[in-house]
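Chain nomenclature is as follows: A, B, C and D, assigned in order of appearance, with residue numbering initiated at 1 for each chain independently.
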Amino acid sequence: MSGNTFGTLFTVTNFGESHGPAIGCVIDGCPPGMALTAADIQHDLDRRRPGTSRHVTQRQEPDQVEILSGVYEGVTTGTPIALLIRNTDQRSKDYGDIAQQFRPGHADYVYWQKYGVRDPRGGGRSSARLTAPTVAAGAVAKKWLKEKFGTQVRACMTQLGELPIAFESWAHVAHNPFFAPVANVQALEDYMDMLRKAHDSCGARIRVQASGVPVGLGQPIYDKLDADIAYAMMGLNAVKGVEIGAGFDSVAQRGTVHGDAMTPQGFASNHAGGVLGGISSGQDIEVSIAIKPTSSILSPRPSINIHGEPVEVVTKGRHDPCVGIRAAPIAEALLALVLMDHALRQRAQCGGVQVDLAAIAAALDTPI
Amino acid sequence: MSGNTFGTLFTVTNFGESHGPAIGCVIDGCPPGMALTAADIQHDLDRRRPGTSRHVTQRQEPDQVEILSGVYEGVTTGTPIALLIRNTDQRSKDYGDIAQQFRPGHADYVYWQKYGVRDPRGGGRSSARLTAPTVAAGAVAKKWLKEKFGTQVRACMTQLGELPIAFESWAHVAHNPFFAPVANVQALEDYMDMLRKAHDSCGARIRVQASGVPVGLGQPIYDKLDADIAYAMMGLNAVKGVEIGAGFDSVAQRGTVHGDAMTPQGFASNHAGGVLGGISSGQDIEVSIAIKPTSSILSPRPSINIHGEPVEVVTKGRHDPCVGIRAAPIAEALLALVLMDHALRQRAQCGGVQVDLAAIAAALDTPI
Amino acid sequence: MSGNTFGTLFTVTNFGESHGPAIGCVIDGCPPGMALTAADIQHDLDRRRPGTSRHVTQRQEPDQVEILSGVYEGVTTGTPIALLIRNTDQRSKDYGDIAQQFRPGHADYVYWQKYGVRDPRGGGRSSARLTAPTVAAGAVAKKWLKEKFGTQVRACMTQLGELPIAFESWAHVAHNPFFAPVANVQALEDYMDMLRKAHDSCGARIRVQASGVPVGLGQPIYDKLDADIAYAMMGLNAVKGVEIGAGFDSVAQRGTVHGDAMTPQGFASNHAGGVLGGISSGQDIEVSIAIKPTSSILSPRPSINIHGEPVEVVTKGRHDPCVGIRAAPIAEALLALVLMDHALRQRAQCGGVQVDLAAIAAALDTPI
Amino acid sequence: MSGNTFGTLFTVTNFGESHGPAIGCVIDGCPPGMALTAADIQHDLDRRRPGTSRHVTQRQEPDQVEILSGVYEGVTTGTPIALLIRNTDQRSKDYGDIAQQFRPGHADYVYWQKYGVRDPRGGGRSSARLTAPTVAAGAVAKKWLKEKFGTQVRACMTQLGELPIAFESWAHVAHNPFFAPVANVQALEDYMDMLRKAHDSCGARIRVQASGVPVGLGQPIYDKLDADIAYAMMGLNAVKGVEIGAGFDSVAQRGTVHGDAMTPQGFASNHAGGVLGGISSGQDIEVSIAIKPTSSILSPRPSINIHGEPVEVVTKGRHDPCVGIRAAPIAEALLALVLMDHALRQRAQCGGVQVDLAAIAAALDTPI
């Protein structure tokens, strides 16, 4: 009930504070018999970690993961997989003033009100640093989904502040610091340089996609697949909006346009974003998220202190001028975790159904 | 894990099919000692029920609720509150053909793939009729929140198809069939008449707001208040997008604009939508949702049958040309359920905190 | 968290009060595709229901079950199965005085302290009548287990008050009102007649057994199969003790005796009671439970009222002089619910393991 | 669903294997504002750890606990408390043969069947070593219960193999290696020496008690306090039986004897063991558990290997000849975890009840 565990059958229990001794998670429910090494996990952690370009925080954290349990001779045993990441670059003195003040747009005030006590160093528990364990767990889910169904989960940036980014190819995403699906990112580089000089920050829009998703994932009333995706994405720090398929554009669409026609060769369009009635249809899952501008900026901002007195807050520290830049691997991880969880649920409840659906599935070109 | 229970401490377990004997729910976790009668619940059911104007389905369902348990001499006892609504107007013959075909935009195909068997009458479990038990449970949560904190939850339509609806006043919402916050709804009436003649349907945008929300509701990492709101709203039938506060507009905002300044008199703006770091700030919770156009339309649509053969589907039955019209009371119920659940969680974990927060809370004009 | 839901994947949410309008439950997680009718459930309800012999309460309750959802054309659809049992024979006036007094050995006092309000009619929520929905749900689980694995769950009485009952055959159990595994129950009849004349009550010991249980059910650390069985059994009204296998006798056993040797022909003994390290071994699950004497007796008992003043309580009403007599079908249901839940868990987590265990399983003569 | 998390509101997620890099747990739901240091936890770990007398395993494990999160400047923050214990004395070579054989009375066979893969070193996940994280978490619960309610949880041995141990005083328990409540333990020493020479092992009976428990903990139908206690205790390695209050003796008791009379001065007896209708009555919680003899013995035992062939197993390693000897602190921890969880549940659901129960509580001499 304390909100630190993600999932129902494939669960991730997250722990740690930004400047405490360590962060990490315990993954429970991973099926036995899957090959797994720290390297499988480290890859995604490296994609998320800070300090990799001049456009993100310069905090140097290697984010080296250690597998403490659940893997024997390189194979998962079906028991909890505990992952540990030691914090190494904590400059807590940067946060001295913050303990007495509430930074606008941050969780300082609400933590104070909620708990009556808080760890102010680097945002403590509310730091985006705590997405690292989520990314680590997501790497395990990604691997299982890929081996089991051929599922591929990926994300890219589709807007940076006022700049829309026209999709060119997934192939470009790995070759620039913005996770942008374009060959030339000079405009993005210039935009970020401008922002930094202005001591300001900006938002971003991220597209997340899963292909090779089996039909039938999701539950009918409350734990719909899209509901759980929305939960996962809105829970990512700084996210203020989530869309599935046509999203907000569907408001002005007509029914004759929006409803995806079905043919013996498959669906004719994908306004639904791969989810019908809360259950995956076998089409690509398409998600879009809005990320707000970073609240930690060098420009002075009016606020109050813990005594309710007015103060002016300047957030020094080392921060990302656009937290959206590093969001792509985190969003991938979250989508993978949701899919994995629902895959296990489907296996639990419907694993024994013996109805022959092969013909129809083949006709629609969807994996079972 | 089967997705029919909403919430963690204040739980709602939903059952029933559109044309089965009955629908209903079991509410568990309602605190004892609250006055409660069927009339308290019936009011919101009546706001949601079909057949109340020419713009919604003409199915006649009184949706009369019976309290089966959990209330003794008009007071909640702390034990499960079971609510029963008998289905009375089932014209199952309308759905004869549907059992062999998949309606585009509907859950028919995915249910078939998931379960291998389905109740095709009126959409069975995937019918929007199953939102009635949610509304009933939401009425209980609303009452408790109002008595405990003075919380008020309300919703209105802000766009109908292509027509944006400029907000005039909450006072208008109860006086037109659209839940529109405007005095004159002639344009909306005309638009719906046009659509009906065209055998088409449209989407809608709904605004949901909660005021009088205590500070401190929500959990830090995964079960953030906004994450749980997104889960609740995206789980409402036909919803394709969810925004909190500035939502997708925040992508193009700068940090100097977006972050809500704090003053001894309170927050200076509410781009956050009442949630910071996943925890309520005491400001109004502001949510906006996108609802897709109804998939059940009289225009013929290409699809396939259970043998994978092409067919043309015409959905006869009696359907809402815009499911968004009846969505407002459901969205209110969902927001109330999320807030209630988090209020109990907060009481469980932090009920004993003795830190004196009165001064700061008074300064910021927020309830504790 | 309010304790009215049993299970994790196959869940039963119980509602109702002894003298309210109805009792019932919502079963969630039942796999689709199983034939199910009310008659399948009614059989076990009839075994449990009151008024069937002079040795149990004379309350006349037909306990007629209605399936409200989750079954379409006689087959489970994978959606929640709601079961409703109307209360028909409520003589609430029998309980008039009780509202102001606390009956010794009953839950009156603790409900008062816990909730501040309670439904005193017939014990309200604490009545053993609320085991009926558990029995109904258990019948569904039993049917699934039997069809899937050939599992058979049964229970019998092994002691009535001071009288031990030597096991003769399971075949006798259905032919006497005591669920006793003996041909001649005259001694039991006489014992009960004596007790009734003495205005007293007695306890009982029940043996519960499941055969045909697949190997591998149960979780390693906390949700061990035996732990969940103990939870289920101790939760049955009036149970004060639970044993698995050798139970308390194992305290004085030596390791050379207790540990069940394994041979290519199977286990050589079953002191473990079918559970090793919390996981089923394929042997029969053997459980024994102790049921305390009924607290509701006609003999006057000293107690206090809600003002803390001394009173003398005589429980009139219509009560079982030995609640253990009707416990056998309830205990069966509880064991079936635990096994079913773990069978689905096993399918979720390890459903994909492809290791060939056939040879060893065959050698040990255990189902997979 | 994978059974590695204990509790519902105060949760403990356990990880690790006996001979892996580390064991530990994540505690979630601990209220903020409680002083907590590693020393508070280390005390109970030291009481449980091996190597402290010649009657227990000679494995040398300091079981040094590190707090990784959730505590800031010596005070709990309300966020997850991760606890880490590195494994230091792993002699994995002792277990070489075991990887291909199934030790009688152990979990080897069932793990193999369940997961298809297992960590055989020291029993892997099924080792009693995994009770250390439970003990660590229990120490946190104990501290909170003591500070909040004055609750005291303690355990002692009441039987060692065939030797009953007459209760003298709780004061003796800390002064002998058996947790025996007697001044002179020579007979116990002799008995253990005899057993060790005989290459055999024995069982034990442990009494667990909590005093100062508030009235009202426990839920009415399934999550009864005694049900959750039974679950917790039966889940402790090697436990085969659990009793509450009069336990199995209640079978032969009459209702006139068993039901604890109430007087204005309090309850007149405690056959109920502090639980009525599944809810704490304010009396001492009294629990008794049966622990089977250690399965790992030096005497050769017939078994089979993974190919189903007959083998003779001699368990070398370093094992406890009576695992019951170190069970007392573990049983205490489990009882504390159950009570803490229910205390938070009670706060969530009934925290707001304003009924004045002070008078009656005072009359009955029970804490509120």
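Definition applied: a contact is a pair of C-beta atoms (placed from the backbone, for glycine too) under 8 Å apart; a residue touches a chain by one contact, two chains touch by 3 or more.
This is a predicted model, so every value here is computed, not measured.
Novice: Which chain pair is joined by more contacting C-beta pairs, C-D or B-C?
Specialist: By number of C-beta pairs in contact, C-D is the larger.
Novice: Determine, using the mean of C-alpha atoms as each chain's centre, which chain is farthest from chain A.
Specialist: Comparing chain centres, C lies farthest from chain A.
Novice: Where the centres are mean C-alpha positions, what is the separation of chain B from chain D, in Å?
Specialist: 45
Novice: What's the distance between the Cα centroids of chain C and chain D, rounded to whole Å?
Specialist: 25
Novice: Which integer distance in Å separates the CA centroid of chain B from that of chain C?
Specialist: That pair's centroid distance is 38 Å.
Novice: Where in chain B do residues touch two or more other chains at once?
Specialist: Expected reply: 1-2, 4-5, 8-9, 14, 29, 32-33, 78-79, 114-117, 125, 220, 345, 348-350, 353-355.
Novice: In the complex, go through chain A and note every residue touching chain B.
Specialist: 1-6, 8-9, 14, 102, 104-107, 109-117, 125-126, 130, 159, 161-162, 195, 200-205, 215-216, 218-224, 226-235, 237, 239-264, 268, 271-273, 276-282, 290-297, 299, 301-304, 306-310, 345-346, 348-350, 353-355, 357, 359-364, 366, 368
Novice: Using the touch definition up top, name the residues of chain A that touch chain C in the complex.
Specialist: The contact residues of chain A facing chain C are 1, 9, 29, 31-33, 78-79, 148, 220, 344-345, 347-355.
Novice: Quick check: in the complex, which residue numbers of chain D touch chain A?
Specialist: Checking each residue of chain D against chain A gives 1-2, 4-5, 8-9, 11, 13-17, 20-24, 26, 28-29, 32-33, 66-70, 72, 75-82, 84, 114-119, 124-125, 348.
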